[in-house]
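Structure below; questions to follow.
The chains carry the letters A, B, C, D, E and F, assigned in the order they are written, with residues numbered from 1 in each.
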Amino acid sequence: MKAIEYEHASAAVRAVFDDIKTTRGVDDVNNFWKYLANEPRMLAHVWATLKDVMGDGALDPLTKELIYVAVSVTNNCPYCMASHGAAARAKGATDEKLNEVYAVVGLANMTNRLANAYDVPVDDAFRRDER
Amino acid sequence: MKAIEYEHASAAVRAVFDDIKTTRGVDDVNNFWKYLANEPRMLAHVWATLKDVMGDGALDPLTKELIYVAVSVTNNCPYCMASHGAAARAKGATDEKLNEVYAVVGLANMTNRLANAYDVPVDDAFRRDER
Amino acid sequence: MKAIEYEHASAAVRAVFDDIKTTRGVDDVNNFWKYLANEPRMLAHVWATLKDVMGDGALDPLTKELIYVAVSVTNNCPYCMASHGAAARAKGATDEKLNEVYAVVGLANMTNRLANAYDVPVDDAFRRDER
Amino acid sequence: MKAIEYEHASAAVRAVFDDIKTTRGVDDVNNFWKYLANEPRMLAHVWATLKDVMGDGALDPLTKELIYVAVSVTNNCPYCMASHGAAARAKGATDEKLNEVYAVVGLANMTNRLANAYDVPVDDAFRRDER
Amino acid sequence: MKAIEYEHASAAVRAVFDDIKTTRGVDDVNNFWKYLANEPRMLAHVWATLKDVMGDGALDPLTKELIYVAVSVTNNCPYCMASHGAAARAKGATDEKLNEVYAVVGLANMTNRLANAYDVPVDDAFRRDER
Amino acid sequence: MKAIEYEHASAAVRAVFDDIKTTRGVDDVNNFWKYLANEPRMLAHVWATLKDVMGDGALDPLTKELIYVAVSVTNNCPYCMASHGAAARAKGATDEKLNEVYAVVGLANMTNRLANAYDVPVDDAFRRDER
């Protein structure tokens, strides 16, 4: 699959590209969107979801970018680490904050396996909180 | 492996249990620590790391708990989702915030695979930001 | 580890290479088999399993290649995406079909995490179907 | 988080529930949607994407359900295996077909790791096909 | 899918069951094989591979069981942790050894993510060793 | 993030680097430690854990390196495969042993998914051994 540039894109794809550019105030969309344009339905759905979820809400945008980075590190997606790392920096993430994200991600990946290995039963106190 | 209760624990394990109880102001430690006590070296290292990383720092403690939850959901660790979900609530996470965490986690897991499937090359702009 | 070429291969490895070439009607085997030849037992077992499972059966060969691609995308195996993507195309996968595979893979990875995050109980209707 | 039943749902959630029921010709929505209703934005986006992608297209609906099952097995999502396994059966998947899906999933998970372990370089032939 | 018991099994399945029972000196096969018997081709291939790889070789059988446990913990497969944990104990794994396996698994899962997060370039010394 | 070399490192980082060099009898630390030095707390904790767990214990150091390699292959961490592959060779791992590790890793990744796909119930015999 190849990147689809604006000049070769269908009207439906151009409409999404235009909305990304307007929303973000940029001249061109990132490679992710140009490749995803090979599947115009997913292009529209992923952008609609991302625009809706990653903006203002119960959590501030920076916190959500850091969570995005954390998931991308856990799944080992190099493109996603690069793009959402850049987005996090643009929203105020310092080196100190990103280093701390990586520390938490490393720690959680370790304890996730230890909890599974020992098959630790959920404490009653957590059940009360959760259910 | 079985949970190791305080009264049957070695002095080294008791020292960690005591520090957890004092630091958190609780009467007993959670099941995770009682099972991890089967490997006293890891008990000490995991607690020392968690105490150091999850407290105050460049990120506030709630943000770090939410990242912990996000990684645990991605890895499907039921105990970790329950325990860190409860910890996040104790630090101020509302249902709205947790719902938004889950939304970002779902979205990131989707785009991680799409970026890998299309083998999207990293944009120059991200390289400049990242390197 | 290095690729093992036919001329340096043992008789056991050559026998597998010969069968791959005959079955597929090709002049040489792919790199995967040349590297796997470092472990002749696995070379034989993996080829025997793949030859048996990926041919005709309850599902047509193209459907099985698309499933193979979907798993490889989820696990982020670049070699496997390239080789089974090429195999899928050779068996009739168009760009439209592959784009749809990627869409389903992205969607499933999202809903997998949402279902785990909300710890959704299995509906009775599914239990009746399944058990 | 708890399931949100129709009678306690907001108008936005009810609109999605109604569309699911009409589209599928069912009396009630599955648990997945009732839990996802805790985050109404994701409920709407996930349903819109799933309705668009899983219906008719370049691939038939059964093939897409089988791919969904394959991803859910790889990620170990018990709810998703149950719900999409049932959906696959409703669309014509026999035991023979599901057994073959599982065989391909197992095989692909094995070869994914072998390809990564040996760090197999992508064959030129695949590059020509892919790029 | 249901477990297939010996008395209802085909001749091909019985032949595999008999070989498992003879090889292991047991009266009945474990549930894994009874379920896998739904797909007789995979039953035969998985058993043939496992019998060949997990016996004597360059590594002793206990070391291989511990590696099996480590992979199963990393992937969070509860059945596999239980069955290969039991197999490891039968081959001499003490609590101390299993605790150490879990410690290494936890540690490796942490450093895997840290290495990926920092995108650490491979040292020249490792390249010399590896290539 | 960039590698932090000894001459630009803080006293705390230098102390860890010195301990790594002394413990391992090397002139310089690997890239992993230079990058992890961006987060001095994790540098100290990861090194302390690794030094404690990977040395002598209930398992010999080579077995533990092989387990480390197995986890790194399963998670697809290229740096970790290279560095712990080299460490395993330095501790006596031959090509034959590493090939067998890869074989077990591939096999376990296959059976992990098959056990999950068939939702195999844990045998009573394993419960008795385990609990």
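One rule holds in what follows: a contact is a pair of C-beta atoms (placed from the backbone, for glycine too) under 8 Å apart; a residue touches a chain by one contact, two chains touch by 3 or more.
All of these numbers come straight from a predicted model, not from anything done at the bench.
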Shortest contact path, chain B to chain D, counted in steps
1
Looking at the contacts, which chains touch chain E and chain F alike?
A, B, C, D
More contacts between chains, C-D or B-C
C-D
Proportion of interface numbers common to chain A and chain C (over half same, under half different):
different
Return the chain whose centre of C-alpha atoms lies at maximal distance from the corresponding centre of chain D.
F
Per the centroid of Cα atoms for each chain, what is the distance between chain D and chain F, given in Å?
34
Mean-CA-position distance for chain E and chain D (Å)
28
Calculate how many whole Å lie between the centre of chain A and the centre of chain D, each centre taken as the average of the chain's C-alpha atoms.
20
Scan chain B for residues touching two or more other chains and write them down.
1, 38, 41-42, 46, 49, 53, 74-78, 99-100, 102-103, 105-107, 109-114, 116, 118
Based on which chains are in contact, what kind of graph results: line, ring, star, complete or other?
complete
Touching chain C in the complex: which residues of chain A?
1, 38-39, 41-42, 46, 75-77
Which residues of chain E touch chain C in their complex?
41-42, 45, 48-49, 52-53
Residues on chain D engaged by chain F in the complex (per definition of touch)
73-74, 76, 78, 81, 102, 105-107, 109-114, 116-119
Touch list for chain B against partner chain D, complex:
76, 95, 98-100, 102-103, 106
Can you tell me which positions in chain B touch chain A when the two form their complex?
1, 30-32, 35-36, 38, 42, 46, 49-50, 53-54, 57-59, 63-64, 66-68, 70-72, 74-75, 77-80, 82-86, 89-90, 94, 96-97, 99-101, 103-105, 107-116, 118, 120-123, 125-127, 129-130
